[in-house]
Amino acid sequence: MNQNEMLTLLEGVKSGQISTDEALLKLKVKPFEDLGYAKPDHHRSLRQGAAEVIYGERKSYEQICGIAASMLAAGTDSILITRLSPEAAEALKKDFELQGFTYYPVAKIGIVGECKSPQSEGKIIVATGGTSDIPVAEEAALTAEFLGSRVLRLYDVGVSGLHRLLSYKEELASARVVIAIAGMEGALASVIGGLTNAPVIGVPTSVGYGASFGGVAALLSMLNSCASGVSVVNIDNGFGAGYIASMINKLKIEN
Amino acid sequence: MNQNEMLTLLEGVKSGQISTDEALLKLKVKPFEDLGYAKPDHHRSLRQGAAEVIYGERKSYEQICGIAASMLAAGTDSILITRLSPEAAEALKKDFELQGFTYYPVAKIGIVGECKSPQSEGKIIVATGGTSDIPVAEEAALTAEFLGSRVLRLYDVGVSGLHRLLSYKEELASARVVIAIAGMEGALASVIGGLTNAPVIGVPTSVGYGASFGGVAALLSMLNSCASGVSVVNIDNGFGAGYIASMINKLKIEN
Amino acid sequence: MNQNEMLTLLEGVKSGQISTDEALLKLKVKPFEDLGYAKPDHHRSLRQGAAEVIYGERKSYEQICGIAASMLAAGTDSILITRLSPEAAEALKKDFELQGFTYYPVAKIGIVGECKSPQSEGKIIVATGGTSDIPVAEEAALTAEFLGSRVLRLYDVGVSGLHRLLSYKEELASARVVIAIAGMEGALASVIGGLTNAPVIGVPTSVGYGASFGGVAALLSMLNSCASGVSVVNIDNGFGAGYIASMINKLKIEN
Amino acid sequence: MNQNEMLTLLEGVKSGQISTDEALLKLKVKPFEDLGYAKPDHHRSLRQGAAEVIYGERKSYEQICGIAASMLAAGTDSILITRLSPEAAEALKKDFELQGFTYYPVAKIGIVGECKSPQSEGKIIVATGGTSDIPVAEEAALTAEFLGSRVLRLYDVGVSGLHRLLSYKEELASARVVIAIAGMEGALASVIGGLTNAPVIGVPTSVGYGASFGGVAALLSMLNSCASGVSVVNIDNGFGAGYIASMINKLKIEN
Amino acid sequence: MNQNEMLTLLEGVKSGQISTDEALLKLKVKPFEDLGYAKPDHHRSLRQGAAEVIYGERKSYEQICGIAASMLAAGTDSILITRLSPEAAEALKKDFELQGFTYYPVAKIGIVGECKSPQSEGKIIVATGGTSDIPVAEEAALTAEFLGSRVLRLYDVGVSGLHRLLSYKEELASARVVIAIAGMEGALASVIGGLTNAPVIGVPTSVGYGASFGGVAALLSMLNSCASGVSVVNIDNGFGAGYIASMINKLKIEN
Amino acid sequence: MNQNEMLTLLEGVKSGQISTDEALLKLKVKPFEDLGYAKPDHHRSLRQGAAEVIYGERKSYEQICGIAASMLAAGTDSILITRLSPEAAEALKKDFELQGFTYYPVAKIGIVGECKSPQSEGKIIVATGGTSDIPVAEEAALTAEFLGSRVLRLYDVGVSGLHRLLSYKEELASARVVIAIAGMEGALASVIGGLTNAPVIGVPTSVGYGASFGGVAALLSMLNSCASGVSVVNIDNGFGAGYIASMINKLKIEN
Amino acid sequence: MNQNEMLTLLEGVKSGQISTDEALLKLKVKPFEDLGYAKPDHHRSLRQGAAEVIYGERKSYEQICGIAASMLAAGTDSILITRLSPEAAEALKKDFELQGFTYYPVAKIGIVGECKSPQSEGKIIVATGGTSDIPVAEEAALTAEFLGSRVLRLYDVGVSGLHRLLSYKEELASARVVIAIAGMEGALASVIGGLTNAPVIGVPTSVGYGASFGGVAALLSMLNSCASGVSVVNIDNGFGAGYIASMINKLKIEN
Amino acid sequence: MNQNEMLTLLEGVKSGQISTDEALLKLKVKPFEDLGYAKPDHHRSLRQGAAEVIYGERKSYEQICGIAASMLAAGTDSILITRLSPEAAEALKKDFELQGFTYYPVAKIGIVGECKSPQSEGKIIVATGGTSDIPVAEEAALTAEFLGSRVLRLYDVGVSGLHRLLSYKEELASARVVIAIAGMEGALASVIGGLTNAPVIGVPTSVGYGASFGGVAALLSMLNSCASGVSVVNIDNGFGAGYIASMINKLKIEN
């Protein structure tokens, strides 16, 4: 049950359309459920204004399935599953045929149910330095779309060929948030930070070799950005960037 | 010259109140000035919708003074100077007596001219884990206030005594952005991230000793936050956090 | 031969029920045996008041088997084998059919013989931040149970959804020792440290990615805990935590 | 107000010796006080069964003084101040003349009021590898004594001259907890871990040079101890080790 | 004695203008001299085609003076001394009054004798990201000038305000070598690398704080540059960059 | 279209042999093409005077093929593909049969079309410390040859048997650029740097184990070279070294 | 040809038994041979008084075979090949049937020809902390035996059960050199260093997990040893330790 | 009392020249003395065949003085004090006027009493890469001389000017042990390792800046040496190198 549904419920109670007993029943979702191996947080969507997410890595197919079922039972109607292997996706497809299940192999994302339709005119730009950063970028973009944001993808606009990035100056100027995704030296975040007055969320990626140290070079680069509007998430954390960008993008509407 | 002033100017031209020649003169600010040791960027306030900032560390008094003078000559009416030593502040106080100059010793911030008055109802919470994090917190808070945001300070609410933080649950729920500042293990960002649906900007501080490695422990902690809405800036980067928070806080109004 | 058996023996000698010769024979277990590739320490259970443990990683099936046989021959009646692969477990099952052998696949623990029955009323809480930390938690819990302690498992109570943890406040208050197990930012140890006055043993796990650096982020976080009662063991060292917790839990009885 | 005082109070109420109004007044200590720069946690002594502690590093004399005064006003009768500079100690001596104030320059510890008298027969051994580790050891020893534990100091018993350590075998065997403090290669913790069946708390120190990296070598050494009963606290964290050791030492009595 | 002088000498011998005895005398410079604390390499200028350099850091005034005197005695006519403190410079000024001595305090460079006059039309660009990088830049620029190269300085053209750098596109296109000097995220090297087809030598500087780790962030950034023509020298190694740039710049003429 | 072709075109226009319309058509190559997953930079060869390169790692066969086709369509006549797996090479061989395709398995390089014929008399030496460094060395050598430079290979001349290296003193003295490739302690770069007056480009390799940390030891060694003419590229970056060396080698001719 | 053979040869020449021509022929072994991919150093056995060694890692079977053949042709009669995979060993067995070839799978060592017979009464002790360190220990022991030293193996004598090590005190006192091999916290080197007056060579191993960082913990521990006679080689470098120990052990005889 | 003195004593007893009572008195030196802050190890010189050493860093003047007095009282006749500040040396000079006290300011070494006279013909070479490494080299050289070895100093023979080192080939060939001391890239150890068949002890120094990381670059370089006979001690550990070198140098005589 999300915030809007709860408001509607309470207004129904106020107006007498819904009996208090009935309301009680609907509200009596436990704040979390104890599955032993997991305690899905059924109040989070209420508290945080977002549908629920399952981080799939290191979870068995059975665990993912159990958590998702518990959420659906508690009233969630769409679930985002990240870091989902193709094998687990194959299995989930069958289990959640009724609710609908789509798998995005590049992003390794599975979605049970439907994405929210865009709730804002604001636009999030997802930019990458290179082609190899696309899996992280798709994780970010799909997350933001799932949470109800419009997304514009600008892939392979790294700083070694600046004219590519500069040809999108106008788009950068009109975005509400920009997600800058890059491995190697991660300079993209700084350069975009200087070209826009929107908040920039930097996502370092593990793309690179040798002294890139699995993304550390890009991470440090972004943390030390000489442009003022750049904050950073963990290496390869496309989901986090998409989530925060969507949070910011929707501020105008929901507050 | 900021965006609003430029709009006013252009509307003045449109309506005939200002001659094109006069407008031209006002607009002919060079995009940057070459002082040899520095090239102040006079178009940044236009491009980025913010007053200009000088990062004072490792700059001599003469350099800071020269850059500030160049900015004022180019039409900026208030300047934020960060990482400013008391000695340099003393000297600047005399040079900018006319424009007004205030020094905040805890934050090591100097301001030439006036802060913007708050341009939004939205509120930024600046929370710290301990007393020793206050200098970084004040850098963040003053930066956000300088840029026209309202700020609520919650200091010394670290996670080892949770009831202190939990007693401010309502404030956290109503904030538009939260800045979570902590050294040592930096857990504050994650815990706040779970208590609010506002974007959280984590600022690790160098408070701690031994295996805190000058803030690295808190930095890694925040980058790996299990709460989804947390992004991070450099260790002790109060300015950056205040700047981004203000960017986000003002999105509603300016877009 | 453990401490109690030795006491019984000596009292038997004192009372005349056992001849000194017979006692001598029983005591003449060599302090350690030289298998060439290993020197099992037969006096450790005496010195340290605990049954013997074999760390299975990087040992061949033959080596594990040889060490266990030597221990049994020296009078140990139950053996804990950690980091045991399913393949080796399969083989050991046959070899130690007589003594009894149980394999716990999640914890990768094998036990020859029986666990001690609980020797204390005190209770150890084993808490985890997430579902993926369970293998480490089970290693800790089974170790403590093997050594004769009662264990309460609280899994998936990470700090991003504090209400889950707070709903177990009473349990935390009544525990004699708490083991806090978490990957990513490892904040669980600090938060639990502030909620209980029992000693907390933090176990960072390698759960996470990117800047978690295989558990380093959680390790540093726990070492820098702002709560005063937290000490730490190696990344993923569930065994060590269970061992120490049991040591502390049994202090009351054996001293 | 500590746990025992509260029990006495409640029993007074039960027996009618104290009126409920009077009890209410005494209990109405705020859970924490807001000094702006700090929020001293007046319920912690209740929650954690220990007198209050102030971590003095990076706090101004005025802040330390204000926090201590707030604690005393809330009923605490003795306060431990760690990492206290001689200069600040000099000033505090005057402010807290009434309550009594003692400064221990080697440990850099100041104590307002009296230490608790030992509440247990159990003994904590504080051992160091060398002479240079003594300041950290004294921080640990004084903390444990302040909290009501007996302490035996064994200084300069490093592993390069094993006979020194081995001559204290009996003491090690009879201790309830051992604190092993060492810089350089930190091997002391492992060796003691093999000689006792008490829990060992390792404290790596920053004593050393070059590849000791300010205590990292000793920290890693202790985290990887091949002895099973060793847990570790932060580099140079004598206070933490003393606090935990005392927690464990007093378990027998208070539970 | 440099390469050209030696050629002249040999041609003089060939043509009979110089007797073989006289030539022998001039050539009989020892390959190195043994001062005990140093062994100045008198054949290096011959082998490497460059005047001699003294790295002043950690050398006493007496050592620098002794080495310089030995070089002059061996025929060197100009000496570059890097990392020279103002105090040592003051003293050297007196000792080498005859030969001429100039001190450049920003670069901390002292020069005994004269710089070579430019030996090539080629131009080296020395660019910095910010004002604080200037000391390193001056070390590079003066070194290149000392070795006979023309230098163009472009200071404070960091990537957060790209238009500053882009306004010097033509200069970048016409340079023979570019030295890109930046701290913080060090993105300057990559961006310049994409704008020129000259070799770029990146010099990371220790300018920055927190996660810049004394220049490591910039170093890693430059080593991972996505632009192909970038090689890197040590943090703050202005001298090395100037030396290599001059080597490359003079290739055309001397080969 | 490379620089020379463009010059010819423009001279054709000047002389009237080519109509402006025809020239326009030829010049109207888009500066980059948007393939969605990649934006190949068709002006780079013009801007940087070099044929185009595809970095093959982490790119799918389809992506490599698409980028190559786009380049050929835009007029490039030879393409270097680095980090190309044998499997992808097999497939590309068929697709680019017409243009010619050669695969070099040791270097993991594929070339579509022909190498440039050497454009200079200058020679690049590619030296390695050991046999295991050869794959990186071949990447460097083939890159330089592809770009039109002559290359001399000196493999297995590591410093532990100096006479091997010293027997090539003359070759080292006559080279225009030297690429020094070594893993383990990477001392080769320093030693060569002292034997030649050509610029040396150091390439640390990941050859080694233990404390070589995947090439970090060699990287640090080369960055700290006591020889003045050494600059460094990323670990295992043979391509980068070959590219820069060729840039430097061709300076004489093209400027 | 080793030192002794050369001496014999020269004495033969002196005494007239061997003609100078014949001697010349025998001496005319090239100092190294150029196989392209390798330059085997045929004078090393002369220079360094040891048979030749091939480091097998990352070398193809063909390369190993070629180098060995070249050595045999140059007069070496026994060759040690380290880090040799079982597969390559299988193949080499056939190629060097004539010369004799033995493979030691635990140590991953292959030997062509015979070991030298012990040339000294001195004894090298090879001690390990645990069973898992044995592969490294065998590499060390076999290397020392190959080079003509006597070896005593003491395996699994780690410091957590000191009585095992102490029971070999006499052996330790009588050794000429001790090799101390340990992973985890690596304390063995320090403890042995305090028990013997022979030089101790520490070999950290990659045995361990989590914060052992692949042997770094043991490496740092050994480098910071508080015992004075300990020097250290690379992680897992059994060969190096065996080589150096044998060098030291044979000093008495050959000098 | 050292080994020789003890032998003399025992032979005196055997021959009747010394009464057993008298001998007993002389032998009754306690194995260590407990000064509280230190436990000087009076049996070490017996066990390790060396005079006693005090590591002066972080010890107060009073502590050093007390330990030295205790040693002298126990029969030691000469004491080496390392890392001794000039101020403490000044004070010690007065206290030990009787026994004789010499201070070596470059090495920061103080010696109470006399050095042993050389006990062997063998020679230790102490070589440094540069002038700035001399303080570490002197610590090594004086330590070796104190312990009775002959030392040859070769300073400033770094690899960037190989001919300097090569001119001492003969000396290197005739040494029994070589100590190779270098900062920056530390290549000296590898190059010397290839030029001699004596064991080489590498001492990395903290000389350097930037990516030398206080000696880490040189340390890693030496640990990864491609020459086989190199072992390593801690950064700047001149004492350790001198001690081990002397141990090895004296093996011939004492065994």
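Which chain is which? They are A, B, C, D, E, F, G and H, in the order written, and residues in each are numbered from 1.
The rule is short, and it goes like this: contacts are C-beta pairs under 8 Å (C-beta built on N, C-alpha and C of every residue); 3 or more make two chains touch, one makes a residue touch a chain.
All figures in this text were calculated on a predicted structure; none of them were measured in a lab.
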Please state, in steps, how far chain E lies from chain D along the shortest route of touching chains.
2
Could you report, rounded to a multiple of 5°, the rotation needed to superpose chain B's C-alpha atoms on chain D?
90
Going by more than half of the contact pairs matching by residue number, which of B-D, F-H or B-E reproduces the interface of A-E?
F-H
Most distant chain from chain F by Cα centroid:
D
Between chain B and chain C, the Cα-mean centres are separated in Å by 50
Quick check: how many Å separate the C-alpha centres of chain A and chain F?
39
When the C-alpha atoms of chain B and chain G are each averaged to a single point, how far apart are the two points in Å?
62
CA centroids of chain E and chain F: separation to the nearest Å works out as 27
Name the residues of chain C that each touch 2 or more other chains.
130, 161, 195, 210-212, 216, 219, 223-224, 228, 234
What chain pairs are in touch here?
A-B, A-C, A-E, A-F, B-C, B-D, B-E, C-D, C-G, D-G, D-H, E-F, E-H, F-G, F-H, G-H
Which residues of chain B touch chain A once you look at their complex with the stated criterion?
47-50, 53, 122, 176, 195-199, 201, 219, 223-224, 228-234, 239-241, 243-244, 247-248, 251-252, 255
Sort out for me which residues of chain F touch chain H in the complex.
129-130, 158-162, 184-187, 190-191, 193-195, 208, 210-213, 216-218, 220-228
Along chain B, where are the residues that touch chain D in the complex?
130-132, 134, 155-157, 161, 163-164, 167, 207, 209-212
Chain G to chain F touching residues, read off their complex:
31-32, 36-39, 41, 43-44, 57-59, 63, 67, 204, 206, 214-216, 219, 234-237
